[in-house]
Amino acid sequence: MMTAREFRKIFAETRRRSEEICAHLQTEDFGVQPVEHVSPPKWHLGHTSWFFEELVLKKCPGYTVFDPRFGFIFNSYYESVGERVPRRERGNLSRPTVARVLAYRAAVTEATLGLLEDWSGLSPAQKSILEVGVHHEQQHQELLWTDIKYILGHNPLVPYYTESLGENPAPPSQGPKWVEVPAGIYEIGHADPERFCYDNERARHRVFLEDFTISTQLVQNQDYLAFIQDGGYADSLLWHAEGWQWRTQNEIDAPLYWQQIDGQWFQYTLGGLQKLQLDAPLSHISFYEAAAFARWKGMRLPTEFEWEAAQAKLDWGARWEWTESAYTPYPGFQKAPGALGEYNAKFMVNQKVLRGASVATPATHQRPTYRNYFHPPMRWQFTGIRLAN
Amino acid sequence: MMTAREFRKIFAETRRRSEEICAHLQTEDFGVQPVEHVSPPKWHLGHTSWFFEELVLKKCPGYTVFDPRFGFIFNSYYESVGERVPRRERGNLSRPTVARVLAYRAAVTEATLGLLEDWSGLSPAQKSILEVGVHHEQQHQELLWTDIKYILGHNPLVPYYTESLGENPAPPSQGPKWVEVPAGIYEIGHADPERFCYDNERARHRVFLEDFTISTQLVQNQDYLAFIQDGGYADSLLWHAEGWQWRTQNEIDAPLYWQQIDGQWFQYTLGGLQKLQLDAPLSHISFYEAAAFARWKGMRLPTEFEWEAAQAKLDWGARWEWTESAYTPYPGFQKAPGALGEYNAKFMVNQKVLRGASVATPATHQRPTYRNYFHPPMRWQFTGIRLAN
Amino acid sequence: MMTAREFRKIFAETRRRSEEICAHLQTEDFGVQPVEHVSPPKWHLGHTSWFFEELVLKKCPGYTVFDPRFGFIFNSYYESVGERVPRRERGNLSRPTVARVLAYRAAVTEATLGLLEDWSGLSPAQKSILEVGVHHEQQHQELLWTDIKYILGHNPLVPYYTESLGENPAPPSQGPKWVEVPAGIYEIGHADPERFCYDNERARHRVFLEDFTISTQLVQNQDYLAFIQDGGYADSLLWHAEGWQWRTQNEIDAPLYWQQIDGQWFQYTLGGLQKLQLDAPLSHISFYEAAAFARWKGMRLPTEFEWEAAQAKLDWGARWEWTESAYTPYPGFQKAPGALGEYNAKFMVNQKVLRGASVATPATHQRPTYRNYFHPPMRWQFTGIRLAN
Amino acid sequence: MMTAREFRKIFAETRRRSEEICAHLQTEDFGVQPVEHVSPPKWHLGHTSWFFEELVLKKCPGYTVFDPRFGFIFNSYYESVGERVPRRERGNLSRPTVARVLAYRAAVTEATLGLLEDWSGLSPAQKSILEVGVHHEQQHQELLWTDIKYILGHNPLVPYYTESLGENPAPPSQGPKWVEVPAGIYEIGHADPERFCYDNERARHRVFLEDFTISTQLVQNQDYLAFIQDGGYADSLLWHAEGWQWRTQNEIDAPLYWQQIDGQWFQYTLGGLQKLQLDAPLSHISFYEAAAFARWKGMRLPTEFEWEAAQAKLDWGARWEWTESAYTPYPGFQKAPGALGEYNAKFMVNQKVLRGASVATPATHQRPTYRNYFHPPMRWQFTGIRLAN
């Protein structure tokens, strides 16, 4: 468990960082929601404040709610907390304005910092929620990056935002290598009771893995280009049935943000439209595309257990890596009590686990046992592929 | 036809007025599109500028297009002019910013005023398009009012905007009266070749009307409240089949912007949420509701021909009045050549004609032969009811 | 009003005829509903029986309902009569079987004939409903033909049914001619109080028509082929906006039942797939296609009033002819009391009037004042085009 | 591998049995498809014949295809085999008739039996496909039962079919018991290379299981009734997020086929509508309902590995049991070559594994390693619940 000083530092830093990510936005950029799963940046800023206000501050004697209608506006999906704006309507709300949301943020930050003055007076439950709140906000920082990219990248003017993210890192100097992992029992899940993890990373438990081989490197753009040029998008036998249907209905024939102009491939980045960087790690593909590519290579995606067992030998952190594993509870999983119990457990069906982290993941939010999860067609995260066999 | 001086005056006034209507908006309010038929105010400001740029300025030698990508963004529905952002996507565009759209407006206004310096050098076709452009922008001024009302009125914070519109005028001092109109041949449609009208108001032609009676007054909120209290929304026999389906699927039980709080009726106005003003003219009802109400009264809606024949004796101008008439071409109708031909003719199916004008209609945009038209379920305009028999 | 003898004759003949139309169906053909607006033949046979049972027999003392659950199954759209199977579910009901429906028909026919024994004992209201019931069943006879054609024509095996309908008559020997009709007041609507008509054909009233010209002949397949070959389906300026959208979304590029095989045009008929008969009257087109064709010819569709004023000089009866007129009430229209009031009035919005009759219309169901109506995209009726100007 | 004699016997028996299941159907029952996932019985009879014709007979020299258009009609989902009728359209095809489909069956059965005369002349690949064909048809026998139940059970006449299935068996005499399974490595998957299994049951591999407890008995109707009466359908915290959405949108408040009449619970069975049998095994629930029930009990569903490890001690076979496991490939999974490769592998995403078997599963189609799979909302199979902890 952190000390009061450590927590105050990370809390203040996290609050500041969320706003910093938005530094180059125009006021207009804060409000739009081009598709249901991309939320307006303004909403993220408000929601991450509401989390602290709703779950911590409102329960403190003497706290005055900033605006009682904000609960309706900034609740995401907590059924136990009350009614809320339907998710698809988030982009229809011009009010509260950006300035007002920033004022809300400032008030919540200040009130929470005030609460932290008396660290020892806080209950373990309060401390726990505060810690979750920081990690929750870090998660939304990643969403801020990817939602900003989607908002600007789907605008006909394809504006420049910033290159500070370094989203397309050069590959490691040595070529791809393969690690062989012997069959045996492996321990999976978060071990250290002193350090933070989400409930879905527990209980630590044993898994038996048969022999497998896994690449130390991520698939690169040039690898995927070969798949495209070989007709990968046109060969139904490479695809899951629903992947094929998804591809056909949505006329998908390349990763998100890729486009061909006069025979040349380009990709939209937060730094604008750029020539496709062939040796950068592939990004913005769905699980369906990841699986079709792996089949085309005559290989497969690793399971999340294989990934975790091998991770110390892998070069990871640039892309969230689709695994073959579905998002289901670990043996001994206990969902958190109250509203926090809605954080993870209720999504444990029909989603795929992604392991690793991406260029948009805050450093303090990365750990080898982290289980990210998305629906198979989702592409707007920095998702990539690692092959196994 | 107007003189150069008259036209410059009305052009400049119209351009200024569109921005004035938006004067109290926050930057965030300019961009949202809560339903497909409500466009972002920013889009209206850009589109009315694009109209002049695309149809007039671009054809003038030496004119430099402000931004070649704006054609894609601000074209509404002109197939003959090229590709465009799908209507439902207008609210997803944070760029161009409001400031940039205002710069676009200023540039288009200035270039057009420049063109008007040499009025006598303009062809009749150019003059005609310029005149249509002004009326087109006035039409969008009304949409600015109704779209702003929808955007703010559907926000959980129900903000105040302005009371300058006077949207709920007090009734005339004398009570409702009925006019009897004798059977006979009436001339319908625009007559004066010197004065502007849309193509759909022509040709002037003869219509035979049987005897009818028509109210000089609009239906008031209190009249409609009686319909509600009598169970009008629950009696299928009062409704058109598709009106009943619309009502049921959308759970409609009151006009748009009405809500009951603790047994008391309120209505949202641009001046905020207010107690329902009983003697104000009813507003924001669909054709289906208008027709069901009329049937409940044992009466009917007038046809557009009855309305025009009687209009001189009617008190009109507060609400667009649903008529029984479908929007179809007059005998001798000729659609305008080129892109302007897409202005009216292509919508002449499955819409109902509304006559009169509303509190949001610019004074210079009102005339007795004006044919407004909307689909039967539309309610966000200031629509009302006049009874006939 | 008919005599008892006349009525018994036409009643018995109508009941017999409905079954005769189905004579060549396989048991399996009776049950399918490939699209919502095409009902299973079995349903038509049951529904036309239910009409007599529900509105006449059930109100006679001593009558025992055949099966109380049939009201739920065979009510079409009468809200005032009670709950019913949703229209789109009609094809999901394998029970009652065809044999059981035929038994139901026989029982209803027999009970009604029994009732007709005492013709003078029947009230005028009863006689009126009985008469409507016969005409109602004749209307469903036409639907039987068109629904059977749709069911078989959309089967990959494109089976032969019968050629007895003569659906593609040869053209009259003389070529197309044009009738000029002078401006003036015309009387429109059903006149003879002694002869049957639907409520929507009344009141007879005066209409002023400007001069117009109308073709005595229907548009032929070869005329429409020229439209196709001239790119009519690709020129947006010929189309209504919603017609263009309909065409695009549904990838329409020819009339229903037309198909091109190895460069040769074929049309499905109840006699199987046949080479397109060039001089047969065009059939199975939507209002949108009719209007686009007329615009391409530089002409227009007549209004229903023009049609009625000119009809005595026209060759009509092979195709239902789309008119420009929307389906709205005549001056002095009175909807029938009770459930019969739901027969016509509640559909008087968003539909187009078709005049004339088709090869599938029973002879006793044809009259110059008849107002048929369908939504603009509907094509499965024998619909055609007559030009005016 | 079976002998020629054994195979001929099981083949002939399987072909006969499919028709026997349909013995009590009326001709009309063979054709309807009330929802997309319920196919017309006629289609099952044809499709299982097409499987043999397409994958075996057509490749034999001298075989004449029964009807070349049947490939289009009876292909289910094999992209590699060609175009086909969209699944949702199966119920719209009145032709081929039932008689014609039975003739098709007879021809295919006879031709295949002819082929089997020369068993030793068949290649291993041919034998393998023939064997799959028999198991494939057995799978469709179960679907015949459940689709017939759906078709009749959703008919307002709720007809009696047969009681021969014994769908609601009485519980075993002893009460529920719990088995404790110790942690350790377990072997999972099909072992015997001589006996048939689907590709998805391989490779046999090792799995480590932590200690767990599992019920020997299935949940009964009375257990689930307690969940309903305790408000289980109204407590969002018991549900997966998408389960809650499914429940709400579809207004689900009881298992499929349950209905309350005058306060008394009934369930539709193939033997007609019957009083709910309290001690029968619960059936016709979705994965979402299964998971919510388990959470309400403070327990969970077993994984498929736990199930297989414990199965010898369990009373199973009455209901397909939802497991927590997602349907993903086993280590070492190899999909079959050619069209058979589309049999299982392409569905390995977004589905849940069900273990065991049901009253509708042919005895020779039941085995402890069998992996059935359905999407979480599916309820029309005989699905049930077994608790674990």
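We call the chains A, B, C and D, going by the order they appear; numbering starts again at 1 in every chain.
In the analysis below, a residue touches a chain if its C-beta (ideal position, glycine included) is under 8 Å from a C-beta of that chain, and two chains touch if they have at least 3 such contacts.
Model, not experiment: these values are computed from the prediction.
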Intersection of contact partners for chain A and chain D: none
Where chain C and chain D overlap in contact partners, by chain label: none
Longest centre-to-centre distance from chain B, chain (CA-based): D
Distance between chain centroids, defined by C-alpha means - chain B, chain D (Å): 58
Inter-chain centre distance, chain B versus chain C - centres from mean C-alpha coordinates, in Å: 37
Between chain A and chain B, centroid-to-centroid distance (C-alpha), Å: 45
List of chain C residues in touch with chain B within their complex: 77, 79-80, 183, 185, 205-210, 212, 236-237, 239-244, 287-288, 291, 300, 303, 324-326, 328-329, 331-332, 341-342, 346-350, 352, 376
Chain C to chain D touching residues, read off their complex: 26-34, 42, 69, 72-73, 85, 89, 91-98, 151-152, 154-157, 159
